[in-house]
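These are the structures in question, set out in turn.
In the two complexes that follow, subunit A is the common piece, with subunit B as its partner first and subunit C second.
And then the complex of A and B:
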């Protein structure tokens, strides 16, 4: 860990604070475990508790409603109550499902997203691992979810689920490429795949207007790439207007039709985790990561995460869903071309400057 | 097809029945006179040739209603024809068949819409239509024994459902080839009720589609046949199209019964009727808009909630007027049950507030929906319904008007107070899902115009002429064997009622011509070859209410 630049990552900090490093490899392992535990719990609190609550409140605000306000302050405790309710329901296993694929699907969906946060720099030293190939890792892990969705869709022995699974694959294949190509345009600027490097590159000053320094966030430097990446990302994580793999009004939630109880919770959790992982990638490579004035880095990072989450919910309330063929046309014919254009232009510009 | 000129009397412009009988020539074995039209009696093996002459030579391009019934000595199918250009031009074709062998030639092939009509007649009455391409039960389950509207049907006889009916129909079923069979419904979020679509998919595209109805069949026709004209029937219409279009349905019954018993309605009551009916139309169109967008957007989004909010405001007005939010029971034969609640000004203010804020709300919808480019890519040029197809399947209402068919009974076959008011019939010629939405949105504005004029009239109306009901006998007993079919423009289209009286205070046959039923029957034509998502959107744009489809 800690490749080209000797970045200080979260487990090292824990080592330092607790003195665990004295116990050699075993101590380092415990420190790494504690660090992972902290980040994992932070994300679980955000996605499993705050996420669903915020989603309800945000949607309600858009649709002139009040939403949850009965259990606990601001209705917050409805989420634990819902979790208990869902977990205590019967886990219905339909006839003819393909086990163990059917059981593994939800686990993969949820865990793949959680794993991705290991490489995200939250700021204030909270950064679990910082390998040289950080960005590739994140993309690779995030796209494991497609495998989980296909497993869910195929193993459910349900035609709606099968359709949902097929749509998920078709869509992920179509949007993975523009997503990564656009990501690479950032890499060309930075010259490194390491997450800490990407963040550091964005902390430089772009221009200074009337004493206010505008940082070199890639969203500001290359808004075109930012928009491309946003669109590809929403398609990748299956959010509106690209939520065709779920499409409740057409194929009744697609790959998750047959899941109940704890498996449903896992898939639901996985979806939120993927929204937040998508948001984390956007924040890291386009919005300057944890950078920001006054407040500590981690607070800024969380603010950026929630801003992207808010955007997904806003779009959900206001945008119609594309049809699957339109989604694919949009991905292959528009986004992919745009991504290549962006990549070539970036390469040329960077080549000329340096 | 508009060869109607020679058949109308040049002086009065009315239909020249003698001329029609003349071109039918030998096909006629007898003539009948119904309250609203003349009818020709034809032999059961000459149905198609007779109807073809009427369609091609006399211009009757709209098979409005098919009524089937059993008499002591015969079965009878009655085909009521109209023209889309002028629905006051009506004609009937009566086809009696023997009781021993109730077989009659099918009218499918001349009018596609006869397909579902005759399936219903076969299902409920038991007439077999020879040459019908698909004569299955439509409202009752396949395993049903007997025909419930037949005279010798024993309601107390238990229905025996054999064990094989419970078997899994897909047991051992192996799918071959490239297609996939899938059941959409009866419990599906986008079927707008309990509708079951048997769909064969080729990838994402619909290769074949067969609607399966009847899950909400509540014997409404029979309910009405066992109620008295004067009081007991009026609550039922509210339950057909229950999505707040109740008063429009009530009007269908009121118009038919008033026509049958020759009752007058005071002018003041006509204005009240017109106003309340248009309020219902707004309610219904708002719901249609909200649910259609729900199908396109896929979540309970802002539009759905906004549409429900505006519908709620109209419901509040209707609640003030009728005391009810959905099951209004506001009309009475010869008028309405209550005048505007006192103090009247408060009620008028309520309506004015709504009317004042409606344009802003409509603008907001246009902002959110119709000008949204994603929405346009989803709806423009999808779900194409050509005018010819629409006419063949008997489509009416906003569905027909979005295909450019200028047909609105409020203007073409005037009733109520519509003739005196200033409003437009909205048509669009896009023939697609988008046009159907646009028509509904514009009709809301037209309805608002009508309501506005009604309120102005009501405010000024002389105090001593506020007569809400005419004098109607306590017990209505129309003459035996009078038959009539009258229709009004419901929220979904031509909502017609056929009543035959037998001299008692209850109808001998009560038949509902539901616009949703016919609009739904065109779905396979629209959806085959489209993507699943567009099929769902088309279904939403047809705006069916299963309570009215299944009755």
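And then the complex of A and C:
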């Protein structure tokens, strides 16, 4: 096993390398800050790769076109070029916007998504904090973003933005409960909400076929929950086929219609961070976290993140968008009932086995 | 890792998570131009001259769902501790005592969901406009 469980968390590791904790609480905080800085920038690099480059390349491959290939090898230098281009755009403040809320909305969307990674075990010791209630914290922080979306939608003084914000709330409300219910159904197997224990429980061997041991990943153990969670997660982060809050063919760009320049970048950044945060939750509770053969744990974890990202882009190219009322019917009538069924069935099966 | 250092690490990431976007805003404020033109700051309505205000009173027929959400959210909060201790509970007090009370609890809530479903509380629009209904029938 390459990854397994992080015995020490990331700030402790930095402590070990630098000996910062000798300087008391302040030194410990500096170590924690360095760890947080590394994780924050790791995610920024991931989104920088995903947003201006990988997304275009993947969509182009699906639609049989050639995307960004002019600047640098494989068009990779489009990333700094786009960063400069977007940040140096003029910021247009529309008439009658609700000023503090209009400015704070994009900040909340981006910041909350970044904060969620505090509890994610990346493997190889890169795990910022490991409280006993880790799973609940991740869900709690991941859902702050909808507050930011409402602020963007309502403060923009634009009808399309208002509709987009309204849709974002309705959708998040409909999918929050199925998401959490299926998410905690794996806790029945583990008996703990701590992220490192959830990962550790999945490293046991489930079954051995022809000498190849298959680990007890919850996606293999409970595929029904995995599918439910994937669907609920795509709706929660507002990706296709559930991207109704943005729906460019219906309401321009939803809550982000009136945003330009750096605020547009922040909303865009928040969206990609949310895709990765959702992917990180999926990888941690269903795909064995950083576990995998040969390669170190963090590499496996990043591979799993990118696999989920590829899936979101695949679905984006392959599936049409749901209508908003269909999204809600799907959430409340199908997914919620499915989530309850999954929870009860899991409890009965686990109860009978033990 | 101690309790304090766990939350200190989270606080550190919270600071980083605020500093990075704010840093981007500052960089952009230094880089970007500001060209004042007439009509540029109009809100976007597909190129037409905007009509009316957005700060109006409108009927969210969907508000019942918000109430429903609160009910189910609280219920989720009750389920989480049960899920955590479930395996131990089955070993100590047996399957029936660990499972049946929660089944009754979930059954009550599911009955409530079915009721809300049949009343039509979870519809996006309760009643379609009259002309729409006529063309449908």
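Before moving on, here are some points about what is shown:
Everything below uses one rule, namely that the second predicted complex is superposed on the first by the 344 of 354 C-alpha atoms of A that agree within 3 Å, B and C clash if a C-alpha of one lies under 4 Å from a C-alpha of the other, contacts with A are read in each partner's own complex, and residues count from 1 in each chain.
We take it that a residue touches a chain if its C-beta (ideal position, glycine included) is under 8 Å from a C-beta of that chain, and two chains touch if they have at least 3 such contacts.
Just so it is clear, the structure is predicted and the values come from calculations on it, not from any experiment.
In the superposed model, A:324 lies in contact with both subunit B and subunit C. Of the two partner chains placed around the shared chain by superposition, subunit C is the only one that A:110 touches, whereas subunit B remains out of contact.
Legend: residue contacts after superposition of the two complexes on their common chain; A:171 is shown touching neither subunit B nor subunit C. Within the superposed three-chain model, A:241 lies in touch with subunit B and out of touch with subunit C [touch as defined at top]. Once the two complexes are laid over each other on the shared chain, residue contacts for A:252 go to subunit B and to subunit C alike. Once the two complexes are laid over each other on the shared chain, residue contacts for A:143 go to neither subunit B nor subunit C. In the superposition on chain A, no contact is made by A:233 with either subunit B or subunit C.
In the superposed model, A:160 makes contact with both subunit B and subunit C.
Between subunit B and subunit C, the partner in contact with more residues of subunit A is C.
Of the two partner chains placed by superposition, only subunit B is touched by A:63; subunit C is not.
Counting contacts by the rule stated earlier, residues 159-160, 252, 324-325 of subunit A appear in both its interface with subunit B and its interface with subunit C. Subunit C contributes residues 1, 5-18, 20-22, 24-25, 27-29, 31-35, 40-46, 53-55, 60, 62, 65-66, 69, 72-73, 76, 79-80, 83-88, 90-91, 95, 98-99, 102-103, 106, 110, 113, 117, 122-125 to its touches with subunit A in the complex. Against subunit C, in their complex, subunit A makes its touches with residues 8-12, 28-29, 32-33, 35-37, 39-40, 44, 84, 87-96, 106-107, 110-112, 114-115, 117-119, 128-131, 136, 156-162, 166, 170, 173-174, 176-177, 180-181, 184-185, 187-189, 191-193, 252, 257-258, 261-262, 265-266, 269, 324-325, 328-329, 332-333, 336-337, 340, 343-344, 347-348, 350-352, 354. Residues 180, 182, 188-190, 204, 293-302, 304-306, 309, 368, 372, 374-375, 377-378, 531-534, 536 of subunit B touch subunit A in their complex. Listed in rising order, the residues of subunit A touching subunit B in the complex are 59, 62-65, 159-160, 163, 240-241, 243-244, 247-252, 316-326.
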